[in-house]
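Notes follow the structure.
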């Protein structure tokens, strides 16, 4: 008897139906004990291992390859060469505007100061001058460190107020002689540099990942030693915080400005 | 080894277990959430260098200074310019929305020529050369036929260099038919001409007044230069100045005023005269001014030796408060007390011009209100009324008209302004269109629409349309696809104000002259052309005396030449004002025949002879159109800062601020007193059929205690049929429901409302 | 939260709106929309799904003609401090995912759009209806997206948004201050878009904790009662709920002041 | 194949009839699935919710379904922790109903959020102060418990039971079921309470707000209490309906009577607490915020004072009285009436505590916000009902849900 | 949710809330694991237990 049928027509109780339309179960036949044993069990286990191994390969090797597309910069740029020429280091091209905002990647108008004409022999420079300077077109650089539109980051707070070096976050990019391959996450559209070079999430340098937790690593580290690596930092941080709860008098952890997280208020970085 | 169902299942289970130990599921989960935070169809505004450009807003006659924030080449926000004399940092909703017009879908992207029938909305893209040459050919033809007066132009404004060039073009061409959109300026200019004897603009020193008596002026609803009025109003409140609002409906201005005096609409003239009655009777008037600087207060004898009634005997004989109490709906005691407060205030100022002042009114009302200002002697005084002679910075060489043009100019204006009947009036747009329909005078063969949208904003839009149907060639210079542009034959789109240079003369109502400068904030976004350059181009195309009348290479050259050294100040500071500005003393202020302020009103001919109608004829209002039996209700319009009522409609941001008791879906609400609604069997939100002698519309009912029984009110600024889907087909255009009512003495349209009936729909 | 951070050096940004001056023109609404990339639809007359961070209400005194009176009341987010001003505003503590947060440093309630997953609990919690849900994908007519402000991220469908007191302006002003070697802002360096635009000068914005700021002087907040105004003409909306809003209103009309809160019949007679 | 799956010694309707029933309910279910896809693809604009009504039909359905699913935890608690052995004859069904209710709740929650892809933020970025976080955590965890409780029943299917591993697993789970039941009761206590807290903590919504006990508002305890009272009523009601539909007696009266009696006393004590709460709220809490009781119930077309009377008297005191009076409880009609009223009562309570809270204007110059659900909302709310019917049909057909069925319905011949 | 996340705070709220949660999850997890492991063991041993 189906539940719904009856609910739909509760009055339609035909007594004869009930008597005849009945299915009874077949008599039970117990399972043969051999089937559950030995040979079959081994096969089953083998397949388990096979599935297990295959998925590990897919997850750790194939998946990262599929996830990221590789893109080449429009112009192969030599940072080292430019830094050597530039009078004020990074800031010659990556400078602060008068309103305190950070200029980021220079525009063509800035490049033109030196590259109005082809200066050297480098074919990349020729390409640059011909395709962009002469055409008055901006170079569509792929920016490794580009954060999502919802992120606010104050270079001024870090570089001017906290007197941090560019290298601290961006690494020794100034020493590079050619541009790296730009890896773009096919789902999110963001650079792999932001969301993690290493698929397991482990990083060795601060510039290998720039997610929220990575900001936190540095911002929380004030109390800990400067030299520890990321994992150690966060471990030490947790320990210290735990201790501070247990023995509030012994250790004081500086509280942030947010009520919910006691860290800094969320919108300091999220816009 | 047997691969069966169970082995397969085992494989799957193993795979699942293994997958859980890889980054795959976790990374995908994370990345999907990041994808959801970063949907490709949600735009990401590019970052860049922030710069600011100062300019002047041209979206209404208010002339506010604006500062536009740019990010690289994009304009991202319009803000009020700090320190600008008109608005000092403040800005209105429309001004803030300018970028929606600049970048919006209502723009006309390139010159277009009509395909199919007029109003079908089918257009053909043409080049600028072709567009200009089409117009030149058309104009050449009518000149060849010796009918240059068959060209007419309707314009938003008649001041500044662009309107000046257009007016000059008309004169050089041989037509007097340059017409300005109607506004309270028409009435104020005429009143000033009649009483002060000068062609000047009305200025109000509201900021410094102590008592502002407003006859229905929407002080905080867009009257005059809106932001400046807001600031002035705030200053009044802070300094303890009083505002009394005389108005039929509890408008925002009425609600914000210190006292709201509900009045029966159309009886403002009588009330003003009754106040004058009290002031004169009680001897509260400024004796120095009246005795030494005014004429026609007492009875007098004209040139022919006829006894003429003076102002004093007019009001004492006819306008005792008790006589007007019933008609106006204002009690005698209230009138008396109001008159006393007004006359005794240190700096009283009476103003008029209903709502935003976007219509002309009966001249009698303006005369009566100005008579109040004269009685208290607050003319050209601090906190009083000022007559501002327009900036005379435009000083172009005389036009040397050719024979054709001279002949054409002999034909006079089609609207009869300046003719014997309407001697001192400058523009009568409604009469212009009526004469076209009636085929009175001569036919108009080409019509220019420059910044004006008569098909929407003139009363009786059906009649305007009928008139346009009789004009064979309509040229629109609009930047936006407005109703008139949609109904034209060829469009030569102007830059928007954010893409061009233009001088901005003293904003309406300001008490001292300034010049502002509109300048390009962004490069032209579309294939448009500056109206000034287009005029120059057409003139050049016509050649001969036309080309000679325009000796400038380009509009910019013309502007540079016209402004001279002022331009440097303008570019530097954003505005120019005279280093020293002093208002003329009473002894020098009036250029009437008597050299005094004149209560008696007389048109003067060239010899200074007065042609006088009896004073009682001047100081009257007009009745509303319609028969009170068929139409038991009175329909009046109301204005709102949230409903734009000029040559553009509400941009999306502004229409978003409109309350849901004004517009809901596509339906407009009519305001009605709950008692009246009850009598009609209508309740809140119900649909109703609104009928006037001019038309009918489906509306919804909004009960409002701030409106008198028997009166209903409809907002202006809705019911557009053009522009984009954010504004088109929403609500009802008030102008479709009314017609012009002639002021018999001035010829101006004096309609303030119309009789109506409301039935269930 | 037991620990209170008091206002030692903390700012408490707030707003005073003079209802005598407010003309109900709607500039604040539009200025806010233009500044904060608020989307719009073809039909915005259903005010229950129309996003206006700043909304101007029309109050009526309930009397009949000719004694009727109206008053306009602009309503941004109140940035409630909650009971005792500890930062537990009605909305903050209910958000399950810390997508909205109370900043002790500024007193501003933030909304993190990319964290919000659209449960709308905060909307249920807020009695002022300052929170708006993106029922629709935001769509700009072609070309109009050019005026979007890069300082504020565009919200996607399915999240809640609200007034932020233009916090991004604070961030940008701080950037400039950092560049100039300062860490403190002048009063006029940080003003919300509505304050700046108001043509009647009805809105005042500043630090309620700073006795030199105009907002403080206008309302004279009482620190003993979580900032209740001591100016008798000033009031806050729904004062009795102890939400402790940071938006104050000033009106010389008694009926307007009474419209700001709920009163029992017998109380109303007494007032 | 079909008959091989049917438990031994019981009668079931023919396969075609069963299939037809599934098809009919399935068709309605597909309508719901269509609406669900619309909502997921096009977004929440498919609903009639708005900025004033952020919580509406779905949240009500969620809260109701969880309250009604409370029979599972409470019966489990009584059976395994308190040790009322007779209840083993209804516990299976209570678990299935609970499982349906909780899985439905999860589905509706997945629909109701604006950004389902980020739904996991509630776990990953949990805000421990939010009642909703507590709800999400406990609900999910308790759903896990329900799965653990449902699995052994599944494994008792005739064919599955033949596999030794499954047989053993089922046995082992049964062995330590008390542990799971206790954990479930613990989790349930908190999430039922947290649901009450959802509106109870809204201190700026005077209609919903209740003064706190420790960190929890009153409603925290009232909800747990009412779920414990009305959940079993729903279990009994569904059992009765199943008996009606199958035209068989499936559970002995004494079992039903024990459960009904306990539910009755729970309901009676709940009503005492609820009435005290209502009086305190109406005379102290609300007036302190400036609200007369009647302002909550007037000037709108839907929420009159009748709703309070209906909830407290008709659907509260009346069923409680029936259930605690042995004579009335023993009367089958009285019992059914009490079950129906109690179920309506708890649903009505959830409706009022969610929707009326939002409908009442708090700002004096705002109006009542009323809303009508869209068809998409209705379809997606009916969806879990269909899913529940189907799951019950399948479970009943193929699993030994009712231990007493064989005894009560011996197969003739 | 995990103490390693940036947002984690060592305070009473987090300790009680997450403590309770993790406790419950662990009871469920360990219980299920125990049953599964024991079932595998029982099956390997071949002793089929009888219900109830």
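First chain written, first letter: the chains are A, B, C, D and E, and each begins at residue 1.
Just so we're on the same page, contacts are C-beta pairs under 8 Å (C-beta built on N, C-alpha and C of every residue); 3 or more make two chains touch, one makes a residue touch a chain.
Note that the structure is a prediction, hence the values are computed from the model and not measured.
Chain centres were defined as the mean of their Cα atoms; on that basis the chain farthest from chain D turns out to be B. Averaging C-alpha coordinates per chain and comparing to chain E, the farthest chain turns out to be B. Chain centres defined as mean CA positions place C nearest to the mean of all protein CA atoms. Set side by side, the interfaces D-E and A-E show unequal numbers of C-beta pairs in contact, with more at D-E.
For the pair chain B and chain C, the distance between mean C-alpha positions equals 34 Å. Distance from the chain B centre to the chain E centre is 75 Å, each centre being the mean of its Cα atoms.
With centres taken as mean Cα positions, chain C sits 34 Å from chain A. Each of the following residues of chain D touches two or more other chains: 115, 118, 121, 125-127, 129, 133, 164-165. Shared interface positions of chain C, defined as residues touching 2 or more other chains, are 46, 58, 60, 88, 93, 95, 98-99, 113-115, 137, 150, 153-154, 156-158.
Each of residues 33, 36, 99, 101, 148-150, 260-261 in chain A touches at least two other chains. Residue ranges on chain E touching chain A, taken from their complex, read 3-11, 15, 43, 46. Contact residues on chain C toward chain A in their complex (touch as defined above): 1, 3, 5, 10, 86-88, 92-93, 95, 98-99, 101-106, 108, 110-115, 150-154, 164, 167-168, 171-172, 174-181, 183. Remark: chain C residues 20-21, 23-27, 29-31, 33-35, 37, 40, 42-47, 50, 52, 56, 58, 60, 63-66, 68-72, 113-114, 137-138, 140-150, 153-158, 193, 196-202 touch chain B in the complex. Against chain D, the residues of chain B that register as touching in their complex are 29, 32-33, 35-37.
Of all residues in chain B, only 36-37, 39, 41-48, 71, 74-80, 87, 89-93, 96-97, 99-100, 102-105, 220-221, 226-227, 230-231, 233-234, 237, 250, 252, 255-256, 260, 262, 525, 641-642, 652-661, 663-665, 673-674, 704-709, 724-726 touch chain C in the complex they form.
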